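Listed next: structures, encoded as structure tokens.
Both of the next two complexes hold chain A, though its partner changes from chain B to chain C.
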Partner chain A sequence: MRDGRGTVKRKAGLRLWLSGGWLAIVALLTLLAGWISPHDPLAQDLFAARLPPFWVDGAEPGFLLGTDSLGRDVLSRIIYGGRIALTVAVIAGLATAVIGSVLGLIAGYYRGWADAVISRLVDIWMAFPPVLFAILLIAVLGTGLWSIVIAIIVIDWTRFCRVVRAEAMNQSQMDYVSSAVVAGHVRAAILWREIGPNVLPTIVALLTLEMGIAVIVEAILSFVNLSISTDAPTWGGMIAEGRISIHQAWWVLVCPLIVLFLTVLAFSQFGEGLKDRFDPVLR
Partner chain B sequence: MMAITLFGAAVIVFVVIRIVPGNPIAMMLPPGATDEDIARLTAHYGLDKSIPEQFVVWLTGVLQGDFGTSISLRQPVMPLVLGRLPATLELSIFALVLAVIIGGAMALTGTRFRGGRTEAVIDVANGAGLSIPDFLWALVLILTLGVLYPVFHISGRISPSLDLPFTTQFYAFESILRLRFDLWWDLLKHMFMPALALAIPLAAIIGQLLKQSLKETMHLDYVVLARTKGYGENHVILFEALRNAVLPTLTLIGVQFTFLIGGTVIIERLFSYEGLGNMAIDAVINRDLPLIQGIVLVFALLFTVVNLVVDLTYALLNPRLRHA
Partner chain C sequence: MGSGTPMFRVRGLELSLPDFANKPPLGRAPMVDILKGLDFDIEAGSVLGIVGGSGSGKSTLGRTLIRLLEPTAGSIAFEGRDIGHLDEATLRPLRRRLQMIFQDPMSSLNPRRRVGAIIADPLRIHGLDRINARVDEALDHVGLPGSFRARYPHELSGGQRQRVGIARAIAMRPDFILADEIVSGLDVSSQAQVLNLLENLVRELGLTVAFISHDLSVIRRLCSQVLVLNRGTIVEYAPVERIFDAPEAQYTRELLDAIPLPDPDQPGW
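Now for the complex of A and B:
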């Protein structure tokens, strides 16, 4: 039994290191984009259009991952695109977590009419296809970073709300909550000081997953050309352009796709790893 | 309950899309149009009234089966939506079937060879399927089976050069009824990749949950009894354990199926598949208010119906609820 636990723990550790490492690399590259990126991501050079990446014949040494059909450097665009993706992931992820968790805690702990209203809202929300809802919201709010963030919050608060509500309901059955009630604590204080910290690990694990989802939502929105502005480099926008010129310049699609793939995978694996780490049975 | 949810969904969409800045009428007229023209057309589409008034007019229409007129396509919304719905339904159902087959096969294989290397491989595959969304699987499929080894078509629903004898929009279904397997094969080659992309995450969920329930069932007394009777491992899994282990998975498939239908929106776009979701994105880009409303309401209705069917199936399959 002890051995079994050890393996699970080691696996979780490796998973955390690998995924965390990749996320750290992406974060560092995007933070230092101004110094690191070899070219201006918007600079066009039609004479250097569709240059292949370095491992293919005919590559130019200055363009590591090649250029797109307008001669823009793919690597620089990926780095600057990562800036938008990670900004959206962090801001939208945190805001969604806060709003969804607060509503979930209220619904799960106070029950009664607050729970009835919130749960009904969640039901209504679940009747919308999320991608369609996101596109609709962007159409309403106009394109731009803040519109994407707001759209993600509006769509995904239910994800936190549902889980945190169930978790808060579980926790309120526990003895320590009853003792706090007997000790004469105010309900709001119990919620904030007793239940809150116990639900926090769940929220943190969900938050990492949510950041991965935010990256995907941003990519999807920029894929249908509804993200920032049309010329800002985004992973989804690059994928959309690469999808069109796929037979002439596959690397325009493949390079950002690999980065997007690894980033989403890293976020979800980091979240899963955290969940294992926080799991009291395994700890 | 279902009615309240649908009504709530209708209200939200109605209010949200009417805060849209940008006048859809101004967009559909040629640049030389006068303010008078715009005002006349705005009144024609009823957009000059207040939002509550517009809602009452729209709701009365909907209850009579009239969803209004599409602004960008200048046709009644109802036939437009109904014309596209079958394509999306066929895609979703095909994806569901794929997910059940793949997920089921993974779970059964994993249970048969539990504890060994095969199970470990299946667990890793499930993990990957779970953590990567359909949008990315679709792109990976386009690259591999569409471009690198072009086995399947990467865009459209059916090859445009083909003559279509169909009277309904359920092409795949009708082509079988008409015994036109050449057309069916062409449809399948178009539908396979989008359906597989939608199916992979669901297959992973099915594989994981079903394997877990199967492994739990394998320790129960009646399975042990079947084994002592001399039945082989395959027989025990397929004919004894499966029937009892499948119930939690069935409930989950129902919930997840609505997510799958929601996923068709972007997947259809990616594969230029002429379904409801692709139409929805165009409608949003064109700010076609009546069309958006109609499509979202149809999706909401679809979701609620799926949930209802799941609840009913669950009641039918669960012996404890059947006699209650």
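Now for the complex of A and C:
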């Protein structure tokens, strides 16, 4: 009963190292922002406004990625903006994963009325347009880091719930679950010890995906000025400001956009890479 | 035992399950009768063969016997005690004594746990001592080296996986084992090995076994009694020789005719 899984060698290394490396760099820069960032991200200097990045003529040394229309250093603002982006990604991602997965596991394994209640709730929840829902929530909660985190959790737990429920239902049909009953396991132990490890790879892949989504949602909310206070450096806020002066200073928009893009991509690839590397069934 | 009570005494066993395929948009799904009033005994130390075509209810019967399913009506007396409607907590001490080997070892072994943990886990639940020694002993019994403890199920061949399934069942030192189509997923040489193994274990450990199969030639080798099942009713229940020498029911004769026989006109390779 040999199948291809044992013989096909997957090139897991590169994907994992590239995405993990990028995330490590971003995390390190934002953690050490106080020491590393070359300038105060809020310091304005109108005499040094719209300086181009270092590879363009007219660049000033010390402003690697140039300055925006108020003379604030773009690199410093990206680093500090990363702080908010990563905080939101980690906290909102983990909280969403825990809430959605627990409800999904319960619905998928116990079925019956618990499943009926949870599934109907998810159906109703998913009928709301998510961005409007988030804007409405923040209008009620007020702006701030925690409002963003809560908005992401409230919107996105359904994504986990759906997928994890389906996977738990799938695993519940396997004979190893019957076998655990024959062994004398109690039901909660079967869910935790037998089904849990088999759903975990799915949860991890979803979690990293969710972290990327959280970065995007944070950027969208700060783009429409519903994130933190207006002048705080956020990637979305920088993109919004850069949009205004796109013809005079394209780097104000393009630099944070590239960082945002690479970070979201790295999150999703990191999940895939982890799965390939650490799942004993695929390895 | 030998006191005259059979290990299992099954009377009027019925089981119905909801048929979700034909559920009306509103209201409850209609019930389908899977088992329709079965009476039979399993003597301690015997091997009962349960045969029937697919959909005859043989797997359902097996799973009801060890209470993976709850019967709708009738009684299942295990050593004189009706276990038909015991709840899970009351059933738990009995679980050690009633074990099962599954048809598909790929599905019945948790893909993300190592062989050692798969065999040791049930022992731990029942608080048995010397778990390591018992795992080694069980692996030894089924002819697998102790080094297999560290392997994952997908690293084994089909026959080896099924041996792990058997090791897990016998490590508990059960009194009764339900073997549900345990060779139907294996190639012919692994089939023979697994059947030999089971035959030896039955003799060595004095097991009582219910052996479910659709293949009568396998039944003939192992079993002392045969129960022929068709559409949820017993069409014949007799000692194995009677089934093969003088089958009474038309359905049994059809099953017997389905056994491929070596052709006498062909050279005997």
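We adopt the following convention: the second predicted complex is superposed on the first by the 264 of 283 C-alpha atoms of A that agree within 3 Å, B and C clash if a C-alpha of one lies under 4 Å from a C-alpha of the other, contacts with A are read in each partner's own complex, and residues count from 1 in each chain.
One rule holds in what follows: a contact is a pair of C-beta atoms (placed from the backbone, for glycine too) under 8 Å apart; a residue touches a chain by one contact, two chains touch by 3 or more.
These numbers come from a predicted model, not from an experiment.
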First (chain B), second (chain C), both or neither touched by A:117: neither
Broader residue contact with chain A after superposition on the shared chain, chain B or chain C: B
Touched partner set for A:184, first chain B, second chain C, both or neither: second
Touched partner set for A:174, first chain B, second chain C, both or neither: second
Chain B versus chain C as contact partner of A:32, first or second or both or neither: neither
Partner chain(s) touched by A:246 [first = chain B, second = chain C, both, neither]: first
Touching partner for A:43 - first (chain B), second (chain C), both, neither: neither
Shared chain A surface residues [contacts with chain B and with chain C]: none
List of chain A residues in touch with chain B within their complex: 120-121, 123-124, 126-132, 135-140, 142, 212-213, 216, 219-220, 223-224, 226, 239, 243, 246-247, 250, 253-254, 257, 260-261, 264-265, 268-269, 272
Residue numbers on chain C that touch chain A, as the complex places them: 63, 66, 68, 88, 92, 95-96, 98-100, 102-104, 106-113, 121-122, 125-126, 152, 154-155, 157-158, 161, 168, 172, 185
Residue ranges of chain A in contact with chain C within the complex: 1-2, 5-6, 174-176, 178-187, 193-194, 197-198, 279-281
In the complex, chain B residues that touch chain A: 1, 4-6, 8-9, 12-13, 16-17, 19-21, 127-128, 130-133, 135-136, 139-140, 142-143, 147, 258, 261-266, 269-270, 277, 280-281, 284-285, 287, 292, 295-296, 299-300, 303-304
